[in-house]
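Listed after this line are the structures, all set down as C-alpha cells.
In what comes next, chain A is part of two complexes: it sits with chain B in the first one and with chain C in the second one.
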Partner chain A sequence: MSIEIRNVTKHFGAFRALNDINLDIRSGELVALLGPSGCGKTSLLRIIAGLETPDTGNIVFHGEDVSQHDVRDRNVGFVFQHYALFRHMTVFDNVAFGLRMKPKGERPSEQQIAERVHELLNMVQLDWLADRYPEQLSGGQRQRIALARALAVRPKVLLLDEPFGALDAKVRKELRRWLARLHEEINLTSVFVTHDQEEAMEVADRIVVMNKGVIEQIGAPGEVYEKPASDFVYHFLGDSNRLHLGEDRHLLFRPHEVSLSRLAMEEHRAAQVRDIRPLGAITRVTLKVDDQEELIEAEVVKDHDSLTGLSRGETLFFKPKVWDPQATR
Partner chain B sequence: MSRRISPVIPGFGLTLGYTLVYLSLLVLIPLGAMFVHAAQLSWDQIWNIVSAPRVVAALKLSFSTALCAAVLNGVIGTLLAWVLVRYTFPGRRLIDAMIDLPFALPTAVAGIALTALYAPAGLVGQFATALGFKIAYTPLGITLALTFVTLPFVVRTIQPVLADIPREVEEAAACLGAKPFQIFRHVLVPALLPAWLTGFALAFARGVGEYGSVIFIAGNMPMKTEILPLLIMVKLDQYDYHGATTIGVLMLVVSFILLLLINLLQRRIERP
Partner chain C sequence: MTTTTLSASAAANAARRGSAAGRIALITGAWLTFALFLLLPLYVVLSEALKLGFGTFFTALVEPDAISALKLTLLAVGISVPLNLVFGVAAAWCVSKYEFRGKSILVTLIDLPFSVSPVIAGLIYVLLFGAQGFFGEWLQERDIQIIFALPGIVLATVFVTVPFVARELIPLMQEQGTQEEEAARLLGANGWQMFWHVTLPNIKWGLIYGVVLCAARAMGEFGAVSVVSGHIRGYTNTLPLHVEILYNEYNHVAAFSVASLLLALALVILLLKQWSEARLSRLKSAGDEE
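Then we have the complex of A and B:
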C-alpha cells in the first residue's frame, strides 16, 4: 500500500518539528527516514501511524485520506525502539494480543490464533521461546518478538522507530540484514527511522534525509551518497574532508576518494603524516596540510604502495580524486 | 577460585539474628502474650465471649467498614495515582505532598474534624440531613473516616509501578487495535494488580485496627456503630482483661487469614 504525505507541519510548543513535509512512499518499498536527533524523523513516523496529529497536512494511504482516522483504524504495525512488549504476558500472548483484541465478529478462534502466532514465531525464528516472558529474552530476541507482534494483525504498513537503536553493534548488524531479507519476503510497505547512515544505506530501497524539520534529499542509497543535494547530506552520509583552496573556496571529498603517493606528482599536494591506523581491509592515514588547521583523513587499501615502511612525520603527496571545479562548493 | 562478592549489608548471621530479635521483641512476644493470656480460658468461655451478639455486631461492622474503605480507596487511590503520574498541572507537587497528610495528622484530629464537618448540622452534614440521611454516627461515617486515614496506601503503592509503565506500551496496544478499555483491562490492570492488592491489603488491615479517628465520628452505639477496637477498650475499662484479649486474638486471627488470602492471590497473579 502506498503512503502519501501532504504538506505536513507539526509544532511542539514553539519548536517546529516538521515544516511542510511532502513525501510519496510507493507500495512495497522500504524507506529510511535518516537524520540527526531532533530532525523530526520520529515525529513524522508517529504522524504516519496516527500516534501524533499534525497541525496541518494530510496522510493518504493508498488513495484514502486517513488523517482523521484513529491509530486503531489505520492498520499499521509499529515497532518501538525499546520494544514496548507487555511484561506480564508470555511471548505467545504478546504476539496473539492484536488478534485477541479484535471485535467478536472478526476475532479468529483460539486455534487459528495459535496457528498464526506459531507461524510468525517461526518466521522470526523464535518459536522455541513461546512460553517465556519478555524479561527472559535478549534485546535482539525482544525486538524480533515485537516485530512478530506487529505483523500478527496483517498490517498494511510497517513502521519502525529506531528498531535497532538499543542493541549492541553486532546484533544490530545481524538484525538489519535479517530485516532486509524479511522485507524481500513479505514485501510490506515499510518506513523505518534511523540516525545511522550505514544502517539506512544497508537496508533501505530509498533514503529520505531530514534536517531541522525539512527533507533535504530523497533518493536511492547510491544516489544520496554520490550526488548529495546539499553540504548537510554530504556530511551526514559519511566522513568527509574539507580542503581549503583560498578565497573562501573549499573542496569536499571522502577519505577514500584520494590518491596517495610517496613521490611528488602533478596536481598532488604535500602533507605531513600525523597518524597511521590499520582498520582491517583499509588503512587510515591522517595528514596535515601546511596552510590549514583541519586535518585530512585518507583511506587506502592496506597493501597500498605508498604505505610500505611509512612512519609518522614523513611527507606524503595526495590529490582528491574529485578534482573537479563542479564539485567545489 | 570463586570469590563471593561481599554483600552490601555484612554477615548473614548477624542480620538474621538482629531481625529475629527485633521481630520477637516488637511483634512476636506481645502477640504471643496475648495468645497465652487468652489461652487461660476454656474453649467454652472463649466461644461465649466471641459469640456474644455485641461482639459479633462489632466484628461485622469493623470488617465491613474497613473493606468498604479499602475498596473505595482502591478506586480513588488508583485515580489519584493516575492523575499524579500521567498529567502535569500546576499544583501537582503540592497535591502529591498532601497525599501523605492523613499519616502525619493525629488520627483524633482527623476524627474530630470529620465529625464537625459531617455531623447532622455540620458544613457538609446539613445537606445530607436535608436529603434525609445521616453521615456521622452511622457506618457511613466510619467508612468515611477509614477512607481518609488509609488514603495514602493505595496511592503510594501504585504510583511507582504506574510511573514505570512506559507510554509506548499503551501506544503499542493501540496500534494493535486495542480500544481504551481493552488497554486498561488487558495491559494496565495486570501490570498494576499486584501493587494494587498490596495497597488494598495495607489499607484494609489498617482500617480494621483504626481507633482514634473512628470513635469520634462513630457515635459508638452498641450493636449499631461500635467498632471492635472500641469494644476492647470497653472491656478493659470494666477490668475484663480476658474478654479484651480474646477479642484481640479474634481480630488478629481474622485479619491474618484475610491478609494471607490476599498474599496468596498476589502470588498467583505475579508470574515469573
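Then we have the complex of A and C:
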C-alpha cells in the first residue's frame, strides 16, 4: 500500500511542527524519517496513523484519501517508542487484543485467535513468554511483543516511532537487523522514525531527512550520504570537519576523507597531533591547525604508515580528499 | 585492624545505639499517642455502649428510629458514592487525557469541598433550595422537597465527597499517560472497549481506594447533612445525627450503641482501604520498574 502525504502542515499552539510536507512512500518500501528531536518526524508519523489531525493537507493510502478516517479505520500497525504494552495483560492477551476487538461478524474464534497469536509469537521468537506480563520482560522482548501485537490485525502499513530508542546498543543492533529481515519477509509498507543516522542508513530503503518541520532531502542511504542537499544533511549524516579557507569560505569533509603523511607533501597542510585513539579497525587522530580553533578529526586504517611511532605533539600533514573548490559549501 | 578504623566502628556503633534509643522513644511515643487518642475513645465507646449489658445495646440498635437512620445513611452512601464514582472518573479522564483552557481552575474547584466547611456547604443548599431560597418558590409550586428530605441529604453528601475519587485518579492517570489508550484505538477498539479493557483495569485499584475513602466520608458526614436534614426522627436522621440526638437527650447508652455501629462500619471500610492500598502500591512499584 502506497502512502502519499500532501501539503501537510501542523501547529502546536504557536509552534509550527510541520510546514507543507509532501512525501510519496511506495508500496512495500521501508522509509526512515530522520532528524533531530523537535524536527517534526514523530508528529508526521502520528498524522499518518491518525493519532493527530493536520491543520491542512491530506493523507492518501493507495489512492484513497484517509484524512477524515478515524484511527480505528486506517488499519495501521503502530509501535510506540516505549512499547505501550497493556500492563495488566499477559503477552498472549496483548497480541490477541486487536483480534478480540473486532466487531462480532469479523471476529475470529478463540481457537483461530490462539493460532494466530502463537504464529506471531513464533515469528518474533518469543512464544515461550506467552503467559508473562510486560513488566517481566526485557526491553528488547517488549519491543518484539509490541511488533507482534501491531502485526496481529494484518495492517496495510507499519509505523514505528523510535523503535530502538530505549534499548541498549547491542540489543539495538541485533533488533534492527532483525527488523530489516522481517520487512523483507512480510513486505509491508513501513515507516520508522529515528534520530540515529546509522540506524536509518542500515535499515531503510530511503531516508527522509527532516529539520525544523521541513524535509531537507529524500533519497537512498548512499545518495543522502554522498550527495547531501544541504549543510544540515551533511552534518546530520555523519561526523564532519570544517576547514576554514579564509574570507568566510570553508570546506566540509568527513574524517575518513583525508590523506595523512609524516612528511610535508604538495597541497598538504601542517597540523599538530592532539590525540590518537585506536578504535579497532580504524584509528582517529585529532589535529590542530594553526589558524582555526575548531579541531580536525582524521580517521585512517589502524596500520597506516603515518601512525607508526606517532605521539601527541608531533606534526602531521593532511589533505582533505575532496580538495576541490567546487566542494566548498 | 588499625586504631582509626576501630574508633570509627566504635563511633558508628555508638551512633547506632543512639539512633536505636531514639527509635524506641519515637515508636513508644507513637503508640502512646495512638492509644490515647484512638484506642481509649474506642474503648470508651464500646464500654459505654455495653454498660447496661448486651440487651440494652441491641435494643438501641433495633429501635425503629435507629434502623431508619441506618437505612437512610446506607441509602445516602449508596446514591452519592456511585455519583461521585462516575464524576470522579470523568473528571480525572478529562484532566489527565486532554489539554484545555481553565484546566488548573477545574482541578482547584474539585478540591473546594476540602477547604469549605461542611456547614457552609449545607447552608448553600438551604439558601438555594430552601423554602425562602433561590429556587424555593419554583420548587414549592411543583411540590418538590429537597431540603429536609433525602435529595438534600444526598446533595450535601455528594458535595463533601466530590474530591475523593477524582483526587485519587488524577495523578494515577496522568502518570500512566495516553499511550495504552492510543494503542488500543490503533488496534481497532472503540471508545467503550478502550475504556473497559485498557483504562479501567489500569486504574482499578486507585478507583477502589478512592471509592472506599469516599464511602467512609459519606457515612460519617455530619455538618453539611445536619444543616439540610431538619433532624426529623425516623425520616431524615442519618446515623451520625441520630447519635447526636440520643446524646443530647442524655440517652448515653443508646448513643454509644449506635456510635459503635458506625464504628463497625468504619472498621470494615478501613480493612477495604488497607487492602486496596496494598494492591495499589504493588501496582505502582511494578510500574516504576519499567
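Some notes on this structure:
In this text, the second predicted complex is superposed on the first by the 329 of 329 C-alpha atoms of A that agree within 3 Å, B and C clash if a C-alpha of one lies under 4 Å from a C-alpha of the other, contacts with A are read in each partner's own complex, and residues count from 1 in each chain.
By definition in this document, a contact is a pair of C-beta atoms (placed from the backbone, for glycine too) under 8 Å apart; a residue touches a chain by one contact, two chains touch by 3 or more.
Nothing here was measured: the structure is a model prediction, and the numbers come from that model.
After alignment on the shared chain A, the placement of chain B and chain C results in a clash. After overlaying the two complexes on the shared chain, residue contacts for A:98 are found with chain B and with chain C alike.
Using the contact criterion defined above for the overlaid structures, shared-chain residue A:1 touches neither chain B nor chain C, since it reaches no partner. Once chain A of one complex is fitted onto chain A of the other, the partner contacts of A:71 extend to both chain B and chain C.
In the overlay built on the shared chain, the residue A:282 is in contact with neither chain B nor chain C.
Looking at the shared chain after the overlay, A:87 reaches both chain B and chain C.
Using the contact criterion defined above for the overlaid structures, shared-chain residue A:51 touches chain B and also reaches chain C. Once the two complexes are overlaid on the shared chain, A:251 sits clear of chain B and of chain C alike. Taken together, the two complexes place residues 49, 51, 71-72, 76-78, 80, 82, 84-89, 97-98, 101-102, 149-150, 152-153 of chain A in contact with chain B and also with chain C.
In the complex of the two chains, the chain A residues touching chain B come out as 49, 51, 71-72, 75-78, 80, 82, 84-89, 97-98, 101-102, 133, 136, 146, 149-150, 152-153.
Residues 166, 168-169, 171-179, 182, 186-187, 190-191, 271-272 of chain B are the ones that touch chain A when the two sit in their complex.
Against chain A, in their complex, chain C makes its touches with residues 179-180, 182-190, 193, 197-198, 201-202, 286-287, 289-290. Chain A contributes residues 49, 51, 70-72, 76-78, 80, 82, 84-89, 97-98, 101-102, 134-135, 149-150, 152-153 to its touches with chain C in the complex.
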